[in-house]
Amino acid sequence: MREEEFRFKTTVRVRYADTDAQGHVYFANYLVYFDIGTTDYMKAIGYSYEKLLEEGYDFFTVEALCRYRGEAFFDDELQVGARISKIGNTSFTFSLGLFRNDVLIADGHIVNVMIDRSSKKPARVPEGFRKAVEEFEQNK
Amino acid sequence: MREEEFRFKTTVRVRYADTDAQGHVYFANYLVYFDIGTTDYMKAIGYSYEKLLEEGYDFFTVEALCRYRGEAFFDDELQVGARISKIGNTSFTFSLGLFRNDVLIADGHIVNVMIDRSSKKPARVPEGFRKAVEEFEQNK
Amino acid sequence: MREEEFRFKTTVRVRYADTDAQGHVYFANYLVYFDIGTTDYMKAIGYSYEKLLEEGYDFFTVEALCRYRGEAFFDDELQVGARISKIGNTSFTFSLGLFRNDVLIADGHIVNVMIDRSSKKPARVPEGFRKAVEEFEQNK
Amino acid sequence: MREEEFRFKTTVRVRYADTDAQGHVYFANYLVYFDIGTTDYMKAIGYSYEKLLEEGYDFFTVEALCRYRGEAFFDDELQVGARISKIGNTSFTFSLGLFRNDVLIADGHIVNVMIDRSSKKPARVPEGFRKAVEEFEQNK
């Protein structure tokens, strides 16, 4: 996986709080970085998490996978590549990559299920969201 | 400060996630341990956070202080001593101590302001809470 | 997946720090709970992380997967079921389950690669570790 | 306290992971933001944490105080003002302020003790560090 596969990238800086006694970033915190990637991606395509909430939706994560390819350290500046690679009826999947100077540190995915914000029940992915993703990725 | 000064103590185990690249517990996480102390104290005196919420209250932290006296490490079993040492009109203060085998690791305090859960405005500390604290501490 | 599939289980209590603005446990923190499961498992089979370090080994996580089946909330007492389900030449895989009152909240796995502590290069899983796992799981 | 009191400021963005079930940033995470302020300050004065380590020093935090003046929320862009306001023989104190659009969210301080990296014993604050701070603050 390479950085250029992602039309969208955002920057994350490693906090001291993110490290562990092995001297590198604690493994669970890669998901925190992926999460930042998904948030910023949604903003970039013009369909932010706030907008989703306002329109009566929210989503729950149903699966998260991370493959660790290298280490990250305190104060590293990392690039998170994010892309919605699949949209189903009620779910959508982010593909994610974490890079330092174009070197892959980790990759993975996060699968979310769209829900109705008040009933908390699964809801169809809103058409506007679907279109925003398609348009953004086609312009790659 | 000594463990026996606290009528109430609860146990916390250090998670690997709590450590940092210096090999010990990251300094901000001592506040997490203090927080567990305050939660468990409220349960112990019969006035849990859940009960407070049900009665229409909540609280915000307005000050937190931690003095670091020693280090804590992965998998340590720590004792958190907690006591409400002061109750004002709308605020109440926890005194806290963190110990490992009776050796002080850290002490400090957390000052909270009681609020009305819906208006989010400061509210008088409910009489029942005040009494629960007094009774608990007097039986020391 | 059911709790009884795991010969080993350990208890984790949800800290307020583990929650997020959706009101439940933040998704990355399930990996923290899984991590506690793996630590306690190693102790239970008589081959703790400390022992591993003393014998000149350490390990890196190469893959982590979590499937979210339900929500967990502040102060929940959760059971983490852990089991080493596969041991290769240099890698070993934990299967994990997270339960509240026997209801599955999440499951997943963590794949680790054994390394030589000083060279940081992959190392054969030590025979003693392999045996400790086999003996523990066979007594199920 | 006002932003302009600080010659040095750095930006922190609130991660979803930083929030709690009250919907705002968890109180202990303000110390994480303060910590970023101290790290970036040291870089700005030309005496980074890495440089300190290379020269055989390290430091431990002995006191941290935070006064909460407002709330911070997911995705907020915050300014952390940092300044070394006091240098003793072996200790140095950071004064810190957290702002959103020039509105004070929190202030506090962090007191550190310089140590010899290998012996872990208190060490005199190195002259170069002292000078770097003085020069930086005098140019205010």
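Letters A, B, C and D mark the chains in the order given here, with residues in each chain numbered from 1 onward.
One rule holds in what follows: a contact is a pair of C-beta atoms (placed from the backbone, for glycine too) under 8 Å apart; a residue touches a chain by one contact, two chains touch by 3 or more.
All values reported here derive from a predicted model rather than from experimental measurement.
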A-B compared against B-C, more contacting pairs: A-B
Farthest-lying chain, centroid of Cα atoms versus that of chain A: B
Averaged-CA centre spacing for the pair chain B and chain A, given as whole angstrom: 35
Computed distance of Cα centres, chain C from chain A, in Å: 24
Centroid distance [mean C-alpha coordinates] between chain C and chain B, Å: 29
Contacts with 2+ other chains: residues of chain A: 16-17, 28, 32, 35
Complex interface listing, chain B residues touching chain C: 15-17, 32, 35-36, 39, 49-50, 75
Complex contacts: residues of chain B adjacent to chain A: 16-17, 19-21, 23-24, 26, 28, 73-74
Interfacial residue positions of chain D with respect to chain B in the complex: 22, 27-29, 31-32, 35, 58, 60-68, 71
